[in-house]
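In what follows, chain A forms one complex with chain B and a second complex with chain C.
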Partner chain A sequence: MRQRKLSISTILQHTLLILLSLIAIFPLYWMIISSLKNEADIFNSSIIPWNATFSNYVYAFQEMPILRMMLNSFVMATLLTAFQLITSILTSYALVRWQVKGSTFIYLLISLSWLIPMQVIMIPNYVLVNQMGLNETLLGIVIPLSVSTFAILSLYQSFRSFPKALIDSARLDGEKDFFILVKVILPNLKSTIASLGILLFINGWNEYLWPMLITTEMENAPIQIGLRSFVNSDVNMWGSLMAATTISCLPILVIYFILRKHIIESFVRYGIK
Partner chain B sequence: MSNYQSNSIDIAALEPIQAKSKRARKWRLLTKPYIYLAPSLILLWIWMYYPTLSTFVLAFQNWGMVPGTAPTPVGLDNFVRLLSSKDFGISIINTLFYTVGLLPFSIVIPLFLAVATHKMEGKMKNVYRAMFFIPLILAPVSVGAIWRWLFHPTNGLVNDLLLQFGLIDSNIAFFSDPVFAKWLILLITGWKMIGFGTILFSAALTGISKDYYEAISLEGANRFQQFRDLTLPLLSPMIFLVLMMSLLFSSQWTFAYIDILTQGGPFGTSTNIYYEMYKYGFSNMDVGLSAAAALLFFVVFGIIAFVLNNITKKYAFYDN
Partner chain C sequence: MAQITLQNLKKSFGKTNVLKDISLEIKDGSFTILLGPSGCGKSTLLRILAGLEEESSGHIYMDTKEITYNEPKDRDIAMVFQNYALYPHMTVYQNIEYGLKIKKIPKAERKQMVTGVLEMVELTDHAQKRPNQLSGGQRQRVALARAIVKRPGAFFMDEPLSNLDAKLRNHMRQELIELQAQLKTTFLYVTHDQVEAMSMGTHIIILNQGEVMQQGTPKEIYTNPQNLFVAQFIGSPPVNIMKQGDYSIGIRPENIRLVQAFDPAEDTYQIDGELLSTEQLGGETIYRVKTEYGKLNVKTPSRWDSIDKPVQLTFSKEDVLFFGEDGNRIAPQYELLEDLRVAPQLHFA
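Moving on to the complex of A and B:
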């Protein structure tokens, strides 16, 4: 009796889970399908593109400098990842390695900055970037975002659990402090840092509000911003809009399918902002 | 930890003193950490703390962001204008609506998903979790574009299906409808964020020893009792963390969908506080109003964070 009851609840559970998974991925499927439909099929609700065509992609590439914007996004996300990793590594190292005067205060200052939303600081930062003449540039997007509180807080945890004995023995050998960081700590935290790097890259790729304020010309903008103006342009070109959307998602999806286990693990370790 | 650090400084003191004087060495030892801390602290100051203070000052000034003009002080005028504006009232109510409305998606559904997949063996567990995770890593703009197409007023799939099944007589312009617009933004943000709680709760569950479950089922506890008496208390620190993040960040999570799907409309019915700040600043060029709203909400969110932090310390159950 108990066995039977259990199996019914198991079936129910799986049904619910399958339903929810379908809801989770169906929009993605619909995006790809719509991008492949031809002009006649785009407005019917068939879930298979019987007359699949790439014409939407051709049109999307004609309408927008997609390659240029993808390159912008790639450079932006890579620079963001690099800067955020460097600043968080140096900070975590300093906090763990030395008994810094006022370290509690510094840590508090860093954690509290997590609570400052972009919407609160966007106007002064926008004015400053303009004064520096960095508007319409990728550097103008990247520099203000080059410290990630999230990255510091997560790396600090990993640095704290790093075995002290290894650092001490390096110290006794008379190694320089920077050498200890680069040759002793970093190689051992390689996978941790790689995981964090992947998350930061995804975050950077998806960055939206700040790049939208800094870049207005398509040529200078990351793909998300181009996509936004395409959506808002009110042309009824949904096939090619979905083609452009698919292209914009492609790098993230490729990274996800190659490194799925790694990404989920790193997410589990850090959460996401 | 502090124990170790004092050790390491002792070790440093044991090192042979070289050509440089003792004082110079001590000076270097004192300043060295700050050299490593400098990049982050300087950048945080320039791009986070200083602008926050500037915003607080701007809240008491009037400025149109026109180059060559300077902000003029206006006292509390911005706050008066803000609190008497109808849009601001709506945006506060909506902010509450979105914040509370997102809790099922950030906590309740993820709890179910994490617990349901936790006990599964083998591949299915990871397949499910991988699928819930996908919406989370996609860009808000891409997600917004897809949903806008699905709910397109004339050619969207949703209208098409509703018509085919005879549930509606004519197409609905979802995002131009005051009721639908708000609910859809909530549902789409919720859909996006389900994976967030799911993964964090799954991780927390992995850390719970299987022995507890064996012990409690030997005592004859059924599945629900197991969940209530064992899973829930052990997950409580993580639940509080996700709760706090959900309350504090939900307005940022909805921002992108408001911008892409409705621009706050129709008639400001789907806007939230952060979107109003953006509109005041960059559409109306009314910097003072935007800054006043920022200051007001910074204080409110700060209080929420502080209170929740204290509640967590008091009530969360830690399994040591």
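Moving on to the complex of A and C:
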């Protein structure tokens, strides 16, 4: 067997990559070991938690309805993903399938709306949600975010590159427009939509500012809001914060292990956001 | 079975007129070819007839029924696409069955129809495969099966063989001819390949820049082209065109004889030339000859002996095509050939 030679450039490349990975992983590692340190050791810079304790976790669970908030996060992220997928699929299909006058203009408007920052429309949205009486509800969080420009623009490209002859063929077969979408287009864009769905879910899980406006009660808020409560002007409870953060990362970690291949693919496909 | 009639069909995209006032009859049971260079509007015309695109104005009739405003599914046609357009997520069987399912044909009947068609295209063993597990030729046959199973009044085909390799293309050409003979249904076939057109069509319609240049049987089109475009488009190598003032005269390469010893037969015309290249095609040979009227192609049955450079070309006046200033065919003007006429006495002098 021929022995593979390690060239200097390969070694350099790999060293660099390993270094970068360590930099990326280190904060996570620090988070986990800090969550295991007791109050006295928290500012100790040892990278191994010699006196590991779970007291931070116990405290975090006592202080906050963590499970309840994680469920909130999960429901919120799932609903957001579902709504954003549905709206973006329908919009892209309409834009690609029917080249009516002004469709380019509509597409342009949608693209431009991406440039409007969330902070600008936050207050009017808040007032509206308030008037609808959806304060303190997950729907109040989800409805204003149920259309994602990012999702529409990403899917629009995939829909555009979908072979037109397949759609024509289905039309000749006598299929109805809605079923052309459901039975012909979507089954062939499964992996695209799965990738997008994963990204949208992670985005939804990490949503912070908007849910904070809508909810004041811990029971109604997603986990990201809860984490914040460990940091306040009087005391910063780093240990508990790290414990709660570690817990809040778990679901994403589990999803990642199950869908690892798809997630990497979706990052490659859509770029890291 | 159906005759398709087009009346004053026009189509424009913005300011570009893709189809300019087309009126045609596609005869019932004919194998009609829409032939033309790319961008001539032939595919657009087919798509309009299929209802996949909207015409700007004009009318379409199937037999006596107007179908101009019908949805594609209500036009009693089936279409075969260039890239086959098979549903990638369905098996061969499901692909063929799909249209029948939508038509709500009962399952037992569906099964009978699909199995029958699968047998016909010899794909029974591949029924449960996905399109990506099939070869190009097999995919093409699935696409055909999907069309056949609908038992349409007319088959539309948009360059269905252009993705196949040369050998398979020849084979599929034969199969399509046989299929048409068997089904006796109207075939409307779009291609830019004159060989396909000549070999398969019972009727050829030649389009250029959105206009019908000529229509007729392959023989009519070849032997009796109505204008320069048709004369030059059909035939390989293309017809030789010589400019004589405002007029053009054309002679097909196979109608020129290459001689080295002059034969003073009557009504023979002669051009002196110099042999540039020889192309052996097996059964026949193409010579490229430089003359004072430009470079001319000569096609003869193969002769394997080598030829001296100075050659003489002769042809008969019956084989000459005459075209006027506007490129349209005109009545023979033999006086245009006077320069080329051989005066036997001069030759022997």
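The definition used in the following text is that the second predicted complex is superposed on the first by the 236 of 273 C-alpha atoms of A that agree within 3 Å, B and C clash if a C-alpha of one lies under 4 Å from a C-alpha of the other, contacts with A are read in each partner's own complex, and residues count from 1 in each chain.
The rule we apply is simple: contacts are C-beta pairs under 8 Å (C-beta built on N, C-alpha and C of every residue); 3 or more make two chains touch, one makes a residue touch a chain.
Keep in mind it's a predicted model, so treat the numbers as computed, not measured.
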First, second, both or neither for A:Phe159, with chain B first and chain C second: neither
Which of chain B and chain C A:Val184 touches, first, second, both or neither: second
Partner chain in contact with A:Asp168 - chain B first, chain C second, else both or neither: both
Touching partner for A:Trp98 - first (chain B), second (chain C), both, neither: first
Which of chain B and chain C A:Phe150 touches, first, second, both or neither: neither
Partner chain(s) touched by A:Leu241 [first = chain B, second = chain C, both, neither]: first
Residue contacts on chain A - larger count, chain B or chain C: B
Touched partner set for A:Phe43, first chain B, second chain C, both or neither: first
Shared contact residues on chain A - chain B and chain C: 168, 171-172, 174
Complex interface listing, chain A residues touching chain B: 9, 13, 16-17, 20-21, 23-25, 27-28, 30-31, 34, 42-45, 86-88, 90-91, 93-101, 106, 109-110, 113, 115-125, 127-128, 130, 143-147, 152, 160, 164, 167-168, 171-172, 174, 177, 202, 205-206, 208-209, 213, 224-225, 227-228, 230-232, 236, 238, 241-242, 245, 248-249, 252, 256, 260-261, 263-264, 267-269, 271-273
Residue ranges of chain B in contact with chain A within the complex: 1-2, 4-9, 11-12, 15, 30, 32-34, 36-37, 39-41, 43-44, 46-52, 54-55, 58, 65, 67, 109, 112-113, 116-117, 126-150, 152, 155, 157, 160-161, 164, 191, 194-196, 199-200, 202-203, 206, 223, 245, 248-249, 251-252, 255-256, 259-260, 274, 277-278, 281-282, 287, 290-291, 294, 297-298, 301-302, 305
Interface residues, chain C side, partner chain A - complex: 47, 50-52, 71-73, 77-79, 81-83, 85, 87-89, 98-99, 102-103
Complex contact set, residues of chain A against chain C: 163, 165-166, 168-175, 184, 187-188
